[in-house]
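In the two assemblies presented below, chain A is common to both, partnered first by chain B and then by chain C.
Take a look at the complex of A and B:
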């Protein structure tokens, strides 16, 4: 029996990311601070449903990004990403 | 007589069940994870307490099980708003683990296998308020719920009850953990609805 993965792909976090950045972030690319892997955010491993949204590197499982939405604030820690690259608005 | 007596106790206990503000009751046991479930072979598992001087105490799995254990029945309150009544655990009280640890630290940062951390005042780990739990509902604690062993601090929101506990670091200055550094409350008292920073 294959264990059920406990994560979804990064597309599952598209709504959370768009609510914070104001644009579709699934085609944004980034580099993992831990292992250097380049990836689209859609390719990351998303852990949802808990206290916040966590995106992890598909290469090393390191935390790339954490997001929390409270009634008053949105919190973001993207220190697990060396950079984020977004397509320029048309 | 005994049936009447059990029924009376049952009603009395139900009457004590109250939901903290903003919570609802669930009879399931939701699994919430911020990362992959670690696999920790029991012959490699260990729990460490490290003090502000760098001194440490370490227990293997066999040593943990050899310590006197308790069987607390407690209510759980998750910050995602579910509460679960009368959960039955077995574990070792932090009073036992910390009794011979020389420390004057006021704060603890709890580390899990994996990269999860959470901060708790030392006084909230003592006086019968916290356990290293290794059995749940009469069975070995399953990995998805934090097995082989997790911290159990039921008077605080359940994110403080770190799954897959590995190390407790005692310190003079409070250092915030995984969720506390992105907006969640530093203390997390469900009865005061301390969900987020500023609550």
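Take a look at the complex of A and C:
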């Protein structure tokens, strides 16, 4: 048996992403800084078990985005993404 | 849908669950599978009673969703309780009277562990359901117990030329296997949407 990787799809981080950005981010697309892959955030690999939320690239496994909630602040490090593109509000 | 539980001492924990119901603006139906050594599911399944309050957020995320405007055929692949969000799509299709053709392959451990059994048996016009049993099958079942494979996907699903949107939900192992088989059979990765539940 190969060990099962302990990640979920980016969908699973939808609630935390929406609370930070104020809109549904699963339909936003981004480009990985490491390998250049384009993907929807819903297609990333989400690691939710730690103190924060980490999204990794499904292509190269590089860290795309980290979110941590402290008692008073939300922290976001999206330095693994070259850009994010989201549908403009109607 | 995110469910947050907070203990009296302020300790708080959160899990995401799939919505099983079609949206009606009033209620949501969640299906929770109990994990014996879990932190949240034993509480939700054993201790939560009518009248208790829980904190809900959602429904969130528009990715793993079928919309009635989509006209292409739909191919649903469910492993175990991965059927839940796909059931929401089937119910949505029924609620709006859509004639979009759906095919579902439902992989369950055994007939006893199947979810939504009677609702699926009643069926819907234009929805074809195929069952794959991984541990034990009903008597005189034509296909021996075993995991989903290329022949099950070919016979129970749409050919890639029909360009269906494929929704795959289940354990990580199921999703990796099923999505890999879909790509190997010629389905475009851009038309395959996945939701792993861990």
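The rule is simple: the second predicted complex is superposed on the first by the 89 of 90 C-alpha atoms of A that agree within 3 Å, B and C clash if a C-alpha of one lies under 4 Å from a C-alpha of the other, contacts with A are read in each partner's own complex, and residues count from 1 in each chain.
What we mean here is this: a contact is a pair of C-beta atoms (placed from the backbone, for glycine too) under 8 Å apart; a residue touches a chain by one contact, two chains touch by 3 or more.
From a predicted model like this one, the values you see are computed outputs, not experimental measurements.
Three-chain overlay on chain A, with chain B and chain C fitting side by side and no clash. In the overlay built on the shared chain, the residue A:27 is in contact with chain C alone; chain B does not reach it. When the two complexes are overlaid on their common chain A, residue A:15 makes contact with chain C while staying clear of chain B. In the superposition on chain A, A:42 contacts chain C only, with no contact to chain B. In the overlay built on the shared chain, the residue A:7 is in contact with chain B and with chain C.
Looking at the shared chain after the overlay, A:73 reaches chain B, while chain C stays out of its contact range. Superposing the two structures on chain A brings chain B to within 8 Å of chain C, judged by their nearest Cα atoms. Shared contact residues on chain A (touching chain B in one structure, chain C in the other): 6-7. Against chain B, in their complex, chain A makes its touches with residues 6-7, 45, 47, 49-52, 54, 56, 61-63, 66-68, 70-73, 75-77.
For chain C in complex with chain A, the residues that touch the partner chain are 2, 14, 16, 57-58, 60-64, 171-173, 193-198. Across the complex, chain C is touched by residues 4-12, 14-15, 18-19, 24, 26-27, 40, 42-43 of chain A.
Remark: chain B residues 31-37, 79-80, 115, 144, 159, 178-179, 181-184, 195-198 touch chain A in the complex.
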